[in-house]
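Just below sit the structures, each encoded as structure tokens.
Two complexes come next, and they have one chain in common, subunit A, joined by subunit B in the first and subunit C in the second.
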Partner chain A sequence: MKLATRIIAALGAAALSLGLAQAAPSGAPVRIGSTLALTGPLSGTAIIHKIVGEIYVDDLNKRDGLLGRPVEWILKDDQSKPELARTLYEQLITVDKVDLIIGPYATPNIIAAMGVAQRYNRVLIHHTMGIPSLAKYDMQFPAWSVGPNPETTVPNTLFDALAASAKPPKTIAIVTSKFPSVYFMSVGAREVAKKRGLQEVLFLEWEFGNKDFGPIANRVKDAKPDFVFVGAIGLEGNQLLEAMKKIDYVPPMHYYMYPAPGPLAKLPEAQGALAASIFEQHPPFTNNPIAAQFVKEYNARAAKAGLPDNSVETQAAASFSTWQVLEAAVTATKSLDDKVLAAWLKQNQVDTIQGRLRFDRANNYGDDLMRVKQVQNGHWVTVWPKEWAAPGAKLITP
Partner chain B sequence: MRVTASGWIAIAGLALATVPFFKPPAFYETFLYLVFYWIVLATSWNILSGYSGYFSFGHGAFFGAGMYTTATLSGRYDWAFLWTLPAAALVAALFGTAIGAVVFRVGRLRGELFALLTLAVTFVLATVVLNTRIDGGQGVNLGGVALPAIGPTPSATFYFLALALTVITLWTARGIYQARLGTGLFAIHDDEDVAEVLGVPTLRYKLVAFGVSCALAGVAGGIHAMFVSYVTVGETFSIIVPLTVVLMSVLGGTRHWLGPTVGATIITGLVYAFTAGDYAIAGRAAVGLILVVVILFMPNGVLGRFAGRSRTPTRAPDANRTAPAAARSTAPAQTRQQRQGEILLDARGVSKAFRGVQALDRVDLQVRRGEILGLVGPNGSGKSTMINVVSGHFLLDSGRIAFGDREVSGMAAHRIAHAGIARTYQIPRPLAHMNVLENVALPAMFGRNSLGRIDAEREARDWLEFTGLAGKADALPDDLNLHQRKFLELARALASRPSLLFLDEVLSGLTPSEIDNAIATIRAIRDQGATIVFVEHVMRAVMELADRIVVLNYGRVIAEGLPQDVMQRPEVVTAYLGKPHA
Partner chain C sequence: MPSFTLLAQSVLSGIFIGALYGLLGLGLSLTWGMLRQINLAHFALAFLGAYLTFQLTHGAGWDPLATLLVVVPCFFLLGASMHWLFARFAITPFNSLLVTFGLTVIVESLIQWIWTADQRLMDSAYGAVRFKLGALYVPLPELLTLVLAVALSLAAWAGLRYTDLGRAMRAAAEDAPIAAAFGVNERSLSLLLSGISAAFAGVAGLCIALSFTLAPSQIYAWIGVVFAVVMIGGLGNPIGPLVAGIVIGISESLTMALTSPAWAPLVSFSLLIVVLLARAKKI
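Then we have the complex of A and B:
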């Protein structure tokens, strides 16, 4: 039954997405509410989720909508503030009376929304929750499949990739921002490295918002590590590499936790840089016709919106997966009842463009689908695990 | 029955407390929670920064101290949430008071330096919290902490907590505003040195205001920690918090206790009016534009524009009081006469230097009770410095000063004022945002007699009558001419009913007829038994008024005695006119 449901959901979505079964939706719209950080410090990334949501809802309405009804997305701007996110979700549920909700962007805002969802027994599918242990509500479902313990599993995937490379590192320097979701991963990586026998030659922290990376670059250079794990978010990785360039230092191998992907790939010094990803717009990911269609549509809309990087990667893919999970649950259950949807999600798996998602482990997390990608000639290519590597790509070592 | 403002606050609080029982959608309770939350933060900021003018950009630090106190105690040590709130208030208040105890003693840390320093405190605290077990970098999750069921729903519980804190905050702000503390803080706002000399215990008042401000912000932080349920350094110590409370207070009006409430309500309402996802950036721009326009046309805030500037309820002079205060002496006439001639002020070996310039050099000065002592000398001879030293404005380098049977050297200026010494300033220094009546009532409240507000205003009206300023009682100092400003100085000094009055060049810049008028006034003051030290360059007035004269030159006493004798002495003539070179 599980398999049948999964296949029906996947095939149905694919068929609909390809325009094979068209029937104009009718009746009162299914209203789906959410907030995004459309203004404020998180807006640069949240705009990705807005574009993805618009693509998906447009596509849904071109098909049969949800349950044959058109879909209306009620989107509000939480201004990057958790207290506003919380209040707006309360407005969506108690005043706007939306049928369904999906998550906002960024961990603090998701936690704020999760509290509201819990009080009103609503299903909350979200796309960017960085610390799974904080997700205690049993009707929340993560569509960014990082597993219940990414602080262990993601570094292990990374170190597996390095161990299989031509030049496995023996020493490691870990330098990290104290941004909560990044720091959480860096502390985990430190423990994993120790267990795997890597010698830690440096551990350094900086406060989020730091602009002076010169001293950090110098300390890394002095430590002479084989591998540098950089707990960076946004442009911090670029800033560190630029500081390293000023002292004529090139890290032998280097990894960035949550970088701004476009700017890092374009930086010449980032050649060989590694990062985690759930999706890149190359085969085998784009062998999925839904993914290929989405990549095409997203590239066009992102360019039109003036985004600095038009590629589909983790953020856009997680966002798209959120909508896929919601659609699969509603379609399979033919219901908008939150408890029915939650029960179905706990029992079933959903095929998404990042892979197959399940929600039956701790805090409704499933598998860690994070892969390792690398900057090669100005582009990100997945290099590990091998089955997800871009055609002909392998991890390059100096 | 007339309902006071505090009564209205209570009535409004009770009325708002019924809202959850009408079972509105929870969003409205949560929206109102945020309105209350910002009212508390903005109003608490205003208690120090609006009232006293010490513009703080560190409110986020005290709010954050409360937030992390609750987060730590409830999240890590399993304290019941409500018990963490007094602790949040205490931690924030102690933190703020400790900072104030250091910063407020450094006179130069005012204005923008105070603002920057408090901002730096925020960053320092954020660094400490981030790099210790308090946060450690991963934030503190309060998802598992039980919320007490104060209201029928969690939203209602937060609503009730914030409403209760808002009522307490507004009562506090209004109480301080009307109390001596508020009057003193507003005086500090306009001219802290003058306030101190008029008797306001400036350091204590600032510390109390800072402590209260921080405590309220701390409780707001404690409640808000539970509201957001995940506390991170980046969100908590963001510059957004202080910027928002400043904007709210300025918009509503910082010189009124209700101003921040108005500003917080407007801005929170605007924020929610523009949250539609389709036009998010345009919405934010519209909010900004509205605020710019409002502040442009209402620079003193909404209440500054519509509520008028009078801060205190005043009463008209008592019709039954026919005898002006000036006719009342500070001591029974017989006692005064018996004590006439005894030494009231005894300064011995007083020295004061400024960066190598010896302004006063071992000056001995005695002032006898009931006399007018002329203190004269050329420009730069040390006359004003002597007044500043005696009144506590400057600390002396050496020597001692006794006033009556009390040693006053080294004493804080406000305590010297309480002892009964008052002064005027050579260049008038009225408190610019207080009207003439409030300027004169202030020393009556804070000077030797420490009158209540109503009595102080009555006293002030009498002295305004005496100095011919009764018709200007409601005017601001900027609306007065020089003559009137000089007499405002005089009325202000007299309103404290001093035993000893220093008049620093009150006649300079006046026309001959105004000088005649002033001489008559000073003589009338002396006739009531006041002792006067009269610093003046208008020698005609000195010769007419002074019983004795002391001449200073280069910070030293070069002559003293009866006016006619002293002014003819060669060394005095030389000091004024220079040595003849034949």
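Then we have the complex of A and C:
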């Protein structure tokens, strides 16, 4: 029964996404509310989620909408502030009286929205929660499939990849921002590295917003590690590499936790840089026709919006998956009732462009679907695990 | 034990970042000390200058240094206009803090509207150039920042000390009514000083664009440390911010080299507290 439901839901979503089932939605719109950091320090990434949401809602309305009704996305600007996100979700539920809600961008804002969702017993599907242990609410569902313990599983996947490479590292330097979701992963990586017998030659932390990466680059160079784990978010990775370039230092092997993928790939010094990813726009990911269609649409809209990087990767894919999960639950249950949707999600799996998601482990997390990608000739390519590697791609070591 | 190279390179990094602190603090110190305006918008102007430099370099293919030919005169007019408005509405020193904070938010929104909130990194021919001094590396963008900071600080100091205009400015800052009695046109000099300070912000913007990633929200990342630099260096003192900036820069860099980089932000404020306590009687 479970499998049958899953297959029907997946096929239904796929057929709908491909435009095979054409019918004009009618009646009162299904109102879906959310906030995004449209302004403020997180807005550079949140714009990705806005574009993805618009693509998905447009596509839904070109098909049959939800339950045959058109879909209206009520999007508000939380200005990158969790306290404002909390107020706006309250407003979405009590004043705008939306039928459904989905999550905002970034862990602190998601936690804020989760509190409101819990107060009103609403389902909250979210796309970028970086610390699963903080997601205690029973009716929250993560669409970024990092598993319940990413601080262990993600580094393990990385070290597996390195161990299988032509030149496995023996020493490691871990340098990290104290941005909560990044720091949490770096501390986890430190423990995993220790357990796997890598010798730690340096561990450094910096405050998020650090301006001067020169001294950090100096210390990494001085420590002479085989491998540098950079707990960086956004452009911190670029800033560190720029600082390294100024002292003529090239890290032998280097990994970045949550980099700004486009700018990092374009940096010549980033050749060989590694990072985690759930999706890259190359086969086998794009063998999925829904993914291929989304990549095409996203590339065009992101270019039109003036984004410096138009590629679909983790953020866009997680965002798309959120809408896929929501659509699958509503379509399968033919309901907008939060409790019905939550019950269905707990018992079923959903096929998304990042892979099959399930929500039956701790805090409704499922499998860790994070893979390892590498900058090769100015482009990100997945290199690990082998079954998700880009055609002909393998991890390059110095 | 850190190597000698690590320590020496860290000191050098500290001098370079300190020079930028000093350059950013120069205009702020002059308007605060001599015009009694706490101009938070100085940081917004510096970033506006950085974005203009980025635009002219990337969009129009200008040499980054050549952008000063446009940025400096434009910012001079902008600074003078701002001061004219402040004078027209008799903004008090405390209110100037609030008004210029509002202006900062407006400029941040303007930058975000034009260039989006995405981070921008200016590629220039200068970025790849670095000199080697033994085992030490001297990057050209940072060297340019140091040269500009020293040159402008010395020029401002010499101008205030040795020219009639500078003496008149100092006299007006000291006692405007008495200076006016001696024929000093305080209003014109205030406009001039505001214009010059804003032009300094434009030059600092060039240095920021040469060495740092640009994002609208980064405006606020510099306020704390540069305020500390200005307070330590002394209000209205053109050399003070440079010296204080370099002291703080070196202290931060050595903190990063010897302990955890996460401790570095504490340095500027610890030094500020020490200096304020030492100067308690003068405040």
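By definition in this document, the second predicted complex is superposed on the first by the 398 of 398 C-alpha atoms of A that agree within 3 Å, B and C clash if a C-alpha of one lies under 4 Å from a C-alpha of the other, contacts with A are read in each partner's own complex, and residues count from 1 in each chain.
Here is the rule we go by: contacts are C-beta pairs under 8 Å (C-beta built on N, C-alpha and C of every residue); 3 or more make two chains touch, one makes a residue touch a chain.
Note that the coordinates shown come from a computational prediction; the quantities given were computed from them, not determined experimentally.
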item: Touching partner for A:Thr39 - first (subunit B), second (subunit C), both, neither; value: both
item: First (subunit B), second (subunit C), both or neither touched by A:Glu205; value: both
item: Touching partner for A:Pro308 - first (subunit B), second (subunit C), both, neither; value: second
item: Touching partner for A:Phe179 - first (subunit B), second (subunit C), both, neither; value: first
item: Partner chain(s) touched by A:Asn218 [first = subunit B, second = subunit C, both, neither]; value: second
item: Common interface residues of subunit A - those touching subunit B in one complex and subunit C in the other; value: 39, 178, 205, 207, 209
item: Residues on subunit A engaged by subunit B in the complex (per definition of touch); value: 35-36, 38-39, 50, 74-79, 81-84, 86-88, 90-91, 93-95, 107-108, 111-112, 114-115, 119, 131, 134, 136, 178-180, 183-184, 187, 205, 207-209
item: Subunit A-touching residues of subunit C, taken from the complex the two chains share; value: 2-3, 5-6, 9-10, 13-14, 16-17, 109, 112, 116-121, 127-128, 130, 137, 139, 142, 212-213, 215, 217, 221-222, 252-253, 256-257, 260-262, 264-265
item: Contact footprint of subunit C on subunit A as seen in their complex; value: 39-41, 43-44, 47, 178, 204-207, 209-212, 214-216, 218-219, 221-222, 234-235, 238-239, 242, 245-248, 260, 263, 306-308
item: Subunit A contact footprint on subunit B (complex, rising order); value: 25-28, 30-31, 33-34, 37, 126-127, 130-131, 137-139, 141, 143-144, 153-155, 224, 227-230, 232-235, 240, 271-272, 274-278, 280-281, 283-284
